[in-house]
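Order of writing sets the chain letters: A, B, C and D. Residues in each chain are counted from 1.
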Amino acid sequence: MIDLNSVKATLKRQQIETPSWAYGNSGTRFKVFPQPGVARDPFEKIEDAATVHRFTGVAPSVALHIPWDKTDDYSRLAKHASELGIKIGAINPNVFQDVDYRLGSVCNPDPKIRRKAIDHLLECVDIAHETDSFALSLWFADGTNYPGQDSIRARQERLGEALSTTYSHMGNDLTMLIEYKLYEPSFYTMDLPDWGTSLIHCMALGEQAKVLVDTGHHALATNIEFLVSSLIRVQRLGGFHFNSRFYGDDDLMVGSADPYQLFRIMFEIVDADAVTPEGGVAFMLDQCHNIEPKVQAEIRSVMNVQEATAKALLVDRAELAKAQLAGEVLEANAIFQEAFNTDVRGILAEVREEMGLDRDPIAAYKASGYQKKIEESRIGGTQAGWGA
Amino acid sequence: MIDLNSVKATLKRQQIETPSWAYGNSGTRFKVFPQPGVARDPFEKIEDAATVHRFTGVAPSVALHIPWDKTDDYSRLAKHASELGIKIGAINPNVFQDVDYRLGSVCNPDPKIRRKAIDHLLECVDIAHETDSFALSLWFADGTNYPGQDSIRARQERLGEALSTTYSHMGNDLTMLIEYKLYEPSFYTMDLPDWGTSLIHCMALGEQAKVLVDTGHHALATNIEFLVSSLIRVQRLGGFHFNSRFYGDDDLMVGSADPYQLFRIMFEIVDADAVTPEGGVAFMLDQCHNIEPKVQAEIRSVMNVQEATAKALLVDRAELAKAQLAGEVLEANAIFQEAFNTDVRGILAEVREEMGLDRDPIAAYKASGYQKKIEESRIGGTQAGWGA
Amino acid sequence: MIDLNSVKATLKRQQIETPSWAYGNSGTRFKVFPQPGVARDPFEKIEDAATVHRFTGVAPSVALHIPWDKTDDYSRLAKHASELGIKIGAINPNVFQDVDYRLGSVCNPDPKIRRKAIDHLLECVDIAHETDSFALSLWFADGTNYPGQDSIRARQERLGEALSTTYSHMGNDLTMLIEYKLYEPSFYTMDLPDWGTSLIHCMALGEQAKVLVDTGHHALATNIEFLVSSLIRVQRLGGFHFNSRFYGDDDLMVGSADPYQLFRIMFEIVDADAVTPEGGVAFMLDQCHNIEPKVQAEIRSVMNVQEATAKALLVDRAELAKAQLAGEVLEANAIFQEAFNTDVRGILAEVREEMGLDRDPIAAYKASGYQKKIEESRIGGTQAGWGA
Amino acid sequence: MIDLNSVKATLKRQQIETPSWAYGNSGTRFKVFPQPGVARDPFEKIEDAATVHRFTGVAPSVALHIPWDKTDDYSRLAKHASELGIKIGAINPNVFQDVDYRLGSVCNPDPKIRRKAIDHLLECVDIAHETDSFALSLWFADGTNYPGQDSIRARQERLGEALSTTYSHMGNDLTMLIEYKLYEPSFYTMDLPDWGTSLIHCMALGEQAKVLVDTGHHALATNIEFLVSSLIRVQRLGGFHFNSRFYGDDDLMVGSADPYQLFRIMFEIVDADAVTPEGGVAFMLDQCHNIEPKVQAEIRSVMNVQEATAKALLVDRAELAKAQLAGEVLEANAIFQEAFNTDVRGILAEVREEMGLDRDPIAAYKASGYQKKIEESRIGGTQAGWGA
């Protein structure tokens, strides 16, 4: 039997981080469509993130992306966040947008460029310390476009060296999250294409290095909940970059393409008792709102994660284990799927009410006038985007 | 028995069109890396295209992209091309980079925006006439990112109307090429996702409407030579946008990812006697040289198409048919694969020599100093790119 | 506003056909695991099908597969079905399990084997007439395993001829359903790999030829609801073979892999007012219960289709259209997805109660003792399977 | 500069193992087409394997599959092989064809069935010792078909235990090869779906446990040469099961679908100096000749591996490294691809001649009358197949 109060207590303590770059303009290689009211600097992005937290109650931190969020005084940025009720989350270095990085950053054949990239990683470690962040979150665009272009193995060695140098600089308080991605922007090899490669590097580094799973970064037909379970088993799941995809790295709102998959992933998290912060798994959004309003889309995404989590918490694990051990395929599947079929919107409305929030964050956000306010006030200047 | 002279004669008459946009900067949503010497306007792009033709002898036309190649006087542009020994090829409208097109162009729910997009298509028909082009080549970024965002069926109706209006404007000399693409930049539906959808529209329009196959626009595991064969069978293959992909629409140099696939595609063309211009199939490159020098990459790509064609021409079709009809699986496959295993670089060197060209276009290009010249002379101004 | 009574009325009139072969043993190339109580002949299979109908009320017909269901007297078989409260559904010829068909049936290079295959198709037309079936349902395993093995185009011509001969034999009462499949059991080309190829053949034949969509027969990342919508638009959607897949043609229970996709497909059906029999779309299950009990799995599958249909009927189409036309991406998506999030199990329980059925078909089936009865009585003889 | 004599010397010393099961009938779940002359017992399979070696000179061992190759006296089998000039290769247990294994073998929820499976693994270790085999080659069909059917994590624990028990039994002379597969015959989870999972288990076991890469067992778009390179880097590449695929686990002849991919894989092997036996990488074929003659298909497959290897050996690695370090993308790619474009059939004919073999193994095999002999003599009895 499921204890609804316990489910609700867990839901109240889940934390979902939003990324500063979700509040800037984004797009595809074909076009970036600017949107009215989009943030123009990291301070405004933090205001947007705080707004998402204000309406959902479970998004108390914001990830930064350097140099997109470059500023003179990171402690001031952290203070700004704190005053708005949130904190700085993972620090994400960017070593893919400088002209020097055409053939890679830490894996570049040119040692001078590798050095430059490593220096930026070290700088980001410092920023992480300054902002009291919990993690350095690493994603590399490095790779090659053509067979033979560079040595696969040599690039792995260079990658290992850069990670090791950075890891040594971290101290004991930070986690290094190592993300992987099958392809894009490199189209023949990515130097970290899959969780196995990330894991190899994590194990070479030490216990503070963990794998970051971006739900849109896999080959089609990859069973993500399986690898999540495997990473938990070897204590190397660092967290998620949540988003949805139908095809490639589409970066749609989490839960919008295959909500049953998100539920299955969250079930593995529930099954490992890792929904709440003590579980050590970071839940982070990483999406591109190319055509839809950004703050509202982030609110909706947070709610989608919550719904999947609530459903996963509703699986009767005792009954499930019984059916599984008895080899009753249909019964076990039914117990599992029926939790998914449950309408949890009511439960979540209660959770919010009990947290002192509006039952319907979207309606409340719309009623708040926030969108209108930013559209009217954020005039002039340059909107933030992937390139700025 | 294969008649080598006949093979060479066919190779001399094959024509491969290069696109103006290949000579501008391109990249991914993560970064466009500018390259030295890149063309700054359509006139310089045409010079680059003419250079590719000068060294290969089989690239006598250049496709335009409007408004990237917008100019006051298209007949002057055509004359410029003609003076350089090439002509204007397919005209490609662009209805995806205006801010109005956030939710689509000809399929947009807003009739005013649809009208604007159709007007641009009609303008491009006029440009095609003015430049003596053979084809209007249509690709639409239209689609949706989220289930429910728009009516799939309503969008098809809107698309049909726009195509019909444009087709009516074409006169008898133009071919309408209708391209399709599985995804990107739209990530839930594309309004023309596959060849079947393109074919439905072509059949509704009339005989001058044909399907354009971009080799990078399919679901993984799609057998491209099969659909090429099917389109030929119903007389609806208009041509190709050639490029290579390992993952998504990677737009790598044609022949660089799976040369055996390119050979199999060219075999269907050979088998339908459609290698030369009378065959009515347009061979066009459509690639992004994100990290490699552009002119040289186009030369290489033209050569890759030639190699695949030469190998396809070397298949002993009489022997093959015999083995096929006898049900001799291994023999038929061996005849086929052994043509692919043949080293045709010598044959092509002879073809070039007989055409009065250098046997090695890449070496000749390097020796010509063209790259150095454009790097030194194309200083100042704005480099052309996807957005300009 | 959704009228719940109207939704329930529609649900009561939906019909979902189960296939005789679901009640026989099935498996993979690695192993067929026999199950206790499995039917031994077409008469027992029909009893199982009737049982599924008895508990669900919406499965009033059973598809046959010839020669798996070969019998001396098909009218007797039809009478048997009728006495059990169901009727014979689509007739499925089998031209893939005779040793002659190693290199294909209707596309075989050997004309004698093609003739043999066509004769079987004609025989099945006769059986369809004898059993008062509505459709001849065609799936061909034909294809090739190796490039060059046979002429892609010649095989299309042979296919066209066989279909034409069979179509001519059908009379006016039958529909010809033409299924397609990307791969398996042929691994280089399938002669009908995709809906486009099926459509070409349907259009060459006439209005009684329609495309059959098996939900497990597509390339990964294919948007099935899109092609369903396109086929409806050109009036060529004949029906479905429903099943689920995570990878290849997994033939799992429909709705068990991606219930949101099934919902989206059913939405297109709802949107075209084609849920009930007058819509002319046949809903048929085609699954393999390799490891789970078969009758219960079919019941569950019927219920899964009902749930997806109920959710699709709950989409507020007026509100949706309003949001779509206004270009409100998040609102339109929310209206759509929230219908999916609704728990429809209660509505369906009411539907069943109003139809005089048990609210919970699975519980009722378990309580009925049917499974125990067949396990005890179907002793001796040979269990039916794919090969018998 | 490439030293052709050194290339040839390496090619003479490469060893490619053929599997006993290639000489039995195989097929798909739809049909197994029997072929004339197919072996009826392990002794005849070994004769076929020895024939492949006789004509190629580089296939000196044959893998066994237990219980398909069960016999009373394995030392007699080994002696039979030895008399025919070959030896016993990897021992492959089969824990997927007993009715007990419906829900898995070593991962089954039932401890009695797990014990039975482990006992079979231990028996196979003994057979490996008796036949002087070098490796226990493990592939498990274990997995689940439906979400919730069993605990992903519990199954990993059970798998770990079984592997550990077996590893302990191996002694110091055997290698444990742990294969993975994305899907089939399980369609929701496989308990070893990817190289990362295999690697986790290998590392938990010890240095004698290595990953076995079957080239047909990956998600589409997986870069196989990349993971091969990574496994070499961490000294965990045990070997290959070579075959080709266009779609799923098609098990076509190696090199028949994408010969350039095979070349790229072999390049990583060459680059790690692991072509010859001292390299510790086992090259094994694992294919299904469903429609083509088996012995000839194996000969062709061995030749295909040799051609890919020869081309890989022809890459001028010094020149390549120079271009790579200089960041010359087109030059590096050209050096790489031009080695692939080389026609190596002449080199291999010389290699064979120098080894005292016929220059053309296929022609020699056909001329030998072996196929006719086995077709005439292997009459009566039961042909071997996957199930026997």
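The rule is short, and it goes like this: a residue touches a chain if its C-beta (ideal position, glycine included) is under 8 Å from a C-beta of that chain, and two chains touch if they have at least 3 such contacts.
No experiment lies behind these values; they were computed from the predicted model shown.
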*Any idea whether A-C or A-D has more C-beta pairs in contact?*
A-D
*Can you check how far apart chain A and chain D are, centre to centre, with Cα atoms defining each centre and the answer in Å?*
39
*asked:* How many angstrom lie between the centres of chain C and chain D, each centre taken as the mean Cα position?
replied: 38
*Can you list the residues of chain C that touch 2 or more other chains?*
103, 145-147, 182-183, 188, 220-221, 223, 246-247, 256-257, 260, 291-292, 329, 333-334, 337
*Could you classify the connectivity of these chains, where an edge means two chains touch, as line, ring, star, complete or other?*
complete
*Using the touch rule from the top, collect the residues of chain A that touch chain D in their complex.*
103, 109-110, 145-154, 156, 182-183, 188-189, 193-197, 199-200, 203, 218-223, 225-227, 229-230, 232-234, 260, 264, 268, 271-272, 315, 320-321, 324-327, 329-330, 332-337
*For the complex, which residues does chain A have touching chain C?*
220-221, 223, 246-247, 256-261, 291-293, 296-297, 300, 307, 329-330, 333-334, 337-338, 340-343, 345, 362
_Looking at the complex, which residues from chain D come into contact with chain C?_
26-31, 33-34, 96-97, 99, 101-103, 141, 145-147, 182-185, 187-188, 220, 245-248, 250-253, 256-257, 290-292, 386-387
